[in-house]
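Below, chain A partners chain B and then partners chain C, in two separate complexes.
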Partner chain A sequence: MDQELLLWVRGTGLQIATAVFVLGMSYRVLHLLLLGRKPSLAVARGSEWAGGLRTMWQRSFMLPSLSGRGLFTVIAGYVFHVGFLITLFFLSQHIDLFRAVFGFGWPALPRGVIDIAAVLAIGAMVALLVHRFIDPVKRLLSGFEDFLTWTLSFLPLLTGFMLLRNIGFEYLTLLTLHIASVELLMVVAPFTKLAHMFTTFMARWYNGAVNGFKGINA
Partner chain B sequence: MKEHETLEQRLHEQGVSRRSFLKFCAAMATMMALPPGSATAIAAVLAKVKRPSVIWLSFQECTGCTESLTRSHSPTLESLIFDMVSLDYHHTLQAASGHAAEQAREDAMKEFHGQYLLLVDGSIPLKDGGVYSTIAGRTNLDMLQEAAEGAAAIVAVGSCAAFGGLPNAQPNPTGAVAVSDIIKDKPIINISGCPPIPAVITGVLAHYLTFGALPALDDQGRPKAFYGETIHDRCYRRPFYDQGKFAKTFDDEGARNGWCLYELGCKGPTTHNACATTKWNGGAGFPIEAGHGCLGCSEPKFWDVGSFYTPLPAPAADVTAFAQAAALAGAAAAVVLSTADRAKQRRAQRTRQKLTVSDLKGE
Partner chain C sequence: MSTSLQRGITTLLAQIDAPVATFFSTCVHCGLCAESCLFYTETQDPKYTPIHKLEPMRRLWQQEYTFWGKLLKKVGLSKPVTDEELAEWEPLVYDSCTLCGRCSLACPVGNDITYMVRKMREGMVASGHAPEGLKGATQRAIEQGSPMGVNLKTLKAQIKHAEKETGLTVPLDVEGADYMMVLSSAEVADYPEIISAVTRIFKQADVSWTLASDGFEGTNSGIQIGSSDLAADILGRIVHAAERLKVKYVISPECGHAYTALRWEGPNLIGRPYPFQVIHIIELLDELRSSERLKTDSVDETRMTFHDPCQMVRRGGVIEQPRNLLKQVAPNFVEMPDAGVQNWCCGGGGGVSANHRAERLRIKVFSRKKSQLEAVDAKLLVTSCSNCRTMLLDGLELNRMDVEVIGLTELIADHLTDNAEGKAS
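The block that comes next holds the complex of A and B.
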């Protein structure tokens, strides 16, 4: 790895990845919104907004015992997502990036917390992959896209942790690989199930709003 | 031509004791991470070695490399051993000028053909026939090719000679290139840095004189003994990096406490050099000890890899404009495609044939 490659991933590569990511995501989200719904002629028996917001909130804190997907999947899924988001938004190096792009930043979490979050997220991802192979139902349901998105989400975490803890390769190599892996994720995300990073809450609101309109208290 | 007497004789004449000489050899062996016994081996060889002829060519450069070598350590043994080579041609240091100077170079090249060391500082301009830098009416390219032909090895001193350096920075108006871009058939050792550390060049010369071969080099042609680790790996502020304690400005509490300068744009993590261990000005310190981040001067393209004050994670180019244009394009695509969807839906509704009883009967 050399400096010019690092410069490329920090410059041109990032520009390309950002452009594809923003283009893809704005297309996906707006296209979904523009699909629209036929106006319902029925008399509303409850508020769409109240139902929508309530579901967005409730589904984020579903109790494992209420989940039909099994305790392991729910817990490992939460551990991964929380760990991932903590490392993404509260590592000081990432905040440097956000500050450089958006012009503002926020306080970072201590490095020890980040380490724990990253290790938990990596562990959860590995456990989920193993479970995907062991569990007959999951194995049946898994396809190429599942393994692709797993790999693309895993690589930034792994290279990032190695970079932070100086494991395996040189800083220059790992930084280049880390940024490149994130860019790969950004390019692919809008066109795979990873688009859920923007559409999940829209979908939850939609479900809640339909129920809310009908007056269902769920 | 000067008599090429042995190093030991010269040192003795200059009042340098055997003890000091051995200390120097031990320091060199330590710096290059050679086995413990090699100090005496170095001493034995160096004592007998005849001063090799050295031709120093200065091209598109600022003389900073020469200043670094001649001034900063004076009058230590490093500078003395520098005296111990027969420097037969060097713009800045030689007494002769004009035709006499060029004559000295030509004489040395002839007499020590195939044996002399060629040291080069500065980049070589290639654009417009190389007219942007000439010496005695000859282009740098011409002079380098001629001098390289009879050289035993070439030492590219400083980032300009090693990688193109500042003259090579965008838009590179003179078409400046490094020595290794031109000379392909000679061993080349890159001692990069802007300027390089004086002890590094004396170390490399001592190695060459002792073993008669170039030291192990990294993928950038730099001696691994000095460029094998990053500034960050050996930085005394490294514990603060690992703890996530960063100075946010050059005069905040973190800066006063000596915390890591990463967020102020320090390029230590991606820069290979010996500053953090060998240090500058006779061991007085190095830039990070003075409170300023590493600029990455010993790496290729260090002028072009973003601002000195941009942290490493920050983008090296503007991404906002790309993001805005992409958002508009994505939105436009969504509008166009959903309009098409709706048109298709309406068309389907218009042309839809209603199910009749006869359809159900299968008639």
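The block that comes next holds the complex of A and C.
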């Protein structure tokens, strides 16, 4: 693959993707917020904000009593999210890129740790995809968007891992593919359920706020 | 498009606020909410997955509020919501949801699915797709003043009976009393013992209270069917009576949905704050207990457990109070697995008990309560909702389980200090 394409994805391509991601996501979040909700006229027993913030935080750490299939979803979900975030934020190349743009960074994790995180995340994603096909509940809920977003999240992980381990194509080709796949993800994310990377916290706030208002510590 | 369908769709769209749109936007289709819903766990049928019960509303949201949805609709590629679809969804939205709130605690991204089902029902009833049983109950509530058809005459007969039993006066329409007690239809019809119980408790604790002849019934089928207009009508009677009698507090009865209606939805239904406060009878009893105005002098050694009504714990926040009271009279009180905020529904909340079509399913999913009960092997099941009480009695009988059911207020009244006069033998 030629040099020019790589230059484009690293330059203009990345700029476009970033712009779409930031503007699209802001639009999405604002659009939701501006729909508003009616304040309750009932007498509060507790605080909306306390409840909202508590749920925003606590819902990240729950392991409810679940049957086998639920437990599988929760564990595979955690492995994927944690693995994905580790490779995204703690690979030295990613931090270098960040430092080049913003002027500061943070220590990277050793390559071995990144490798394990990436493999686990890839494995969890494949397992979740298979589960989406065989589990009757997930099958009923799934549609085109679920498979699209799965693919778009999977490609950066896969190409990134291939790049690190020199698998498949030559270095520059892989680098181009990796960056392009990330850009695709960034462009599509605001307009699909991938927006949950931000809206999850809003959903939790709304849910927790009602409970906080009623004085329910849940 | 038929006018009723149009009305339904307009109503549904009007229900989409920031939380609803955020919940639909955020759902990752993980299916975890299924595990929290007894209609799914007890049947393993995927159609009972909580978020799936909202599918028609989700598509409307997608078609009207999202970029892709709007685009697809423009080019005619999206599937419109039809009358047939709403008819098909009616049993999912009504028969297989008790508005118990368990799914809302389980969703990892934080969706309050119960909030959405409550809203979806507004559109369903506007489009004419609500269960006959619930329509009938609501109609009776509007026309005769009670979903179960009890009236002032019934109440007066029960009052008379309670006065004879306790030797005390049951105050009716006393202006300027501190508290106005509201009852549930089931209490007036099937569990009138509650009137004697509160009369004796309030006598001992020296509480100034009254019943109101024009607002004694707290059951609100308007909320269960999902019609805010009718709910406001039904609730308006209580508000009016409380204002007429100038009371400081209205006491919500042992009825979970009445509590939700009175305490949380009420002011929003009538569009203004109340000039009085609402307190659940169990909250009040616990206050009286902690200020030492409610005293008991005997205990019940029976091995007993407590069924938390969904609208009291998960949706209402009254969690510790019943336990404080139980500790005082029940040395052998044991908690069921999942007790408290995670307790499982009796199966008949949210209007399911008034919906005959739902009966078989309701009885089937009682298996959850059965196994919870079997785990503690209790002989007495205490609760604080008369609808739960009826559902529990029904389920226990059908499962041939030898467990008795009693309301918490009555249990407390049975152990009052100095209740020689009028003690129910």
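For this structure, a couple of remarks:
Basically, the second predicted complex is superposed on the first by the 213 of 218 C-alpha atoms of A that agree within 3 Å, B and C clash if a C-alpha of one lies under 4 Å from a C-alpha of the other, contacts with A are read in each partner's own complex, and residues count from 1 in each chain.
Rule of thumb we're sticking to: a residue touches a chain if its C-beta (ideal position, glycine included) is under 8 Å from a C-beta of that chain, and two chains touch if they have at least 3 such contacts.
Model, not experiment: these values are computed from the prediction.
Following the overlay on chain A, a side-by-side fit with no clash is recorded for the pair chain B and chain C. By the touch criterion stated above, A:35 is placed in contact with chain B and with chain C alike. In the superposed model, A:7 makes contact with chain B only, not with chain C. Using the contact criterion defined above for the overlaid structures, shared-chain residue A:55 touches chain C, although it does not reach chain B. Legend: residue contacts after superposition of the two complexes on their common chain; A:43 is shown touching chain C, with no touch to chain B. Contacts of A:81 after superposition: neither chain B nor chain C is touched. Chain A has more of its residues touched by C than by the other of chain B and chain C. Vertex at the C-alpha centre of chain A, arms toward the centres of chain B and chain C: the angle is 170 degrees, rounded to a multiple of 10. Once the two complexes are laid over each other on the shared chain, residue contacts for A:93 go to chain B alone; chain C is not touched.
Of the two partner chains placed by the overlay, only chain C lies in contact with A:73; chain B stays clear of it. Between chain B and chain C, the minimal CA-CA distance in the chain A superposition rounds to 8 Å.
In the three-chain superposition model, chain A touches both chain B and chain C at residues 28, 31, 34-35.
Partner chain C is touched in their complex by these residues of chain A: 28, 31-38, 40-43, 45-46, 55-56, 59, 62, 64-67, 69-70, 73-74, 77, 135-143, 146, 191, 193, 195-196, 199-208, 210-211, 214-218.
For chain A in complex with chain B, the touching residues are 2-4, 6-7, 10-12, 14-15, 18-31, 34-35, 92-94, 96-97, 99-101, 108, 110-111, 114, 166, 170-172, 175.
On chain B, the positions that touch chain A within their shared complex are 219-220, 230, 232-233, 242-244, 246, 262-263, 269-270, 296, 299-302, 304-306, 310-320, 322-323, 325-327, 329-331, 333-335, 337-338, 341.
Listed in rising order, the residues of chain C touching chain A in the complex are 16-19, 21-23, 25-32, 34-36, 40-41, 46-47, 49, 51-52, 65-68, 104-112, 115, 263-268, 271-274, 277-278, 313-317, 319, 338, 341-342.
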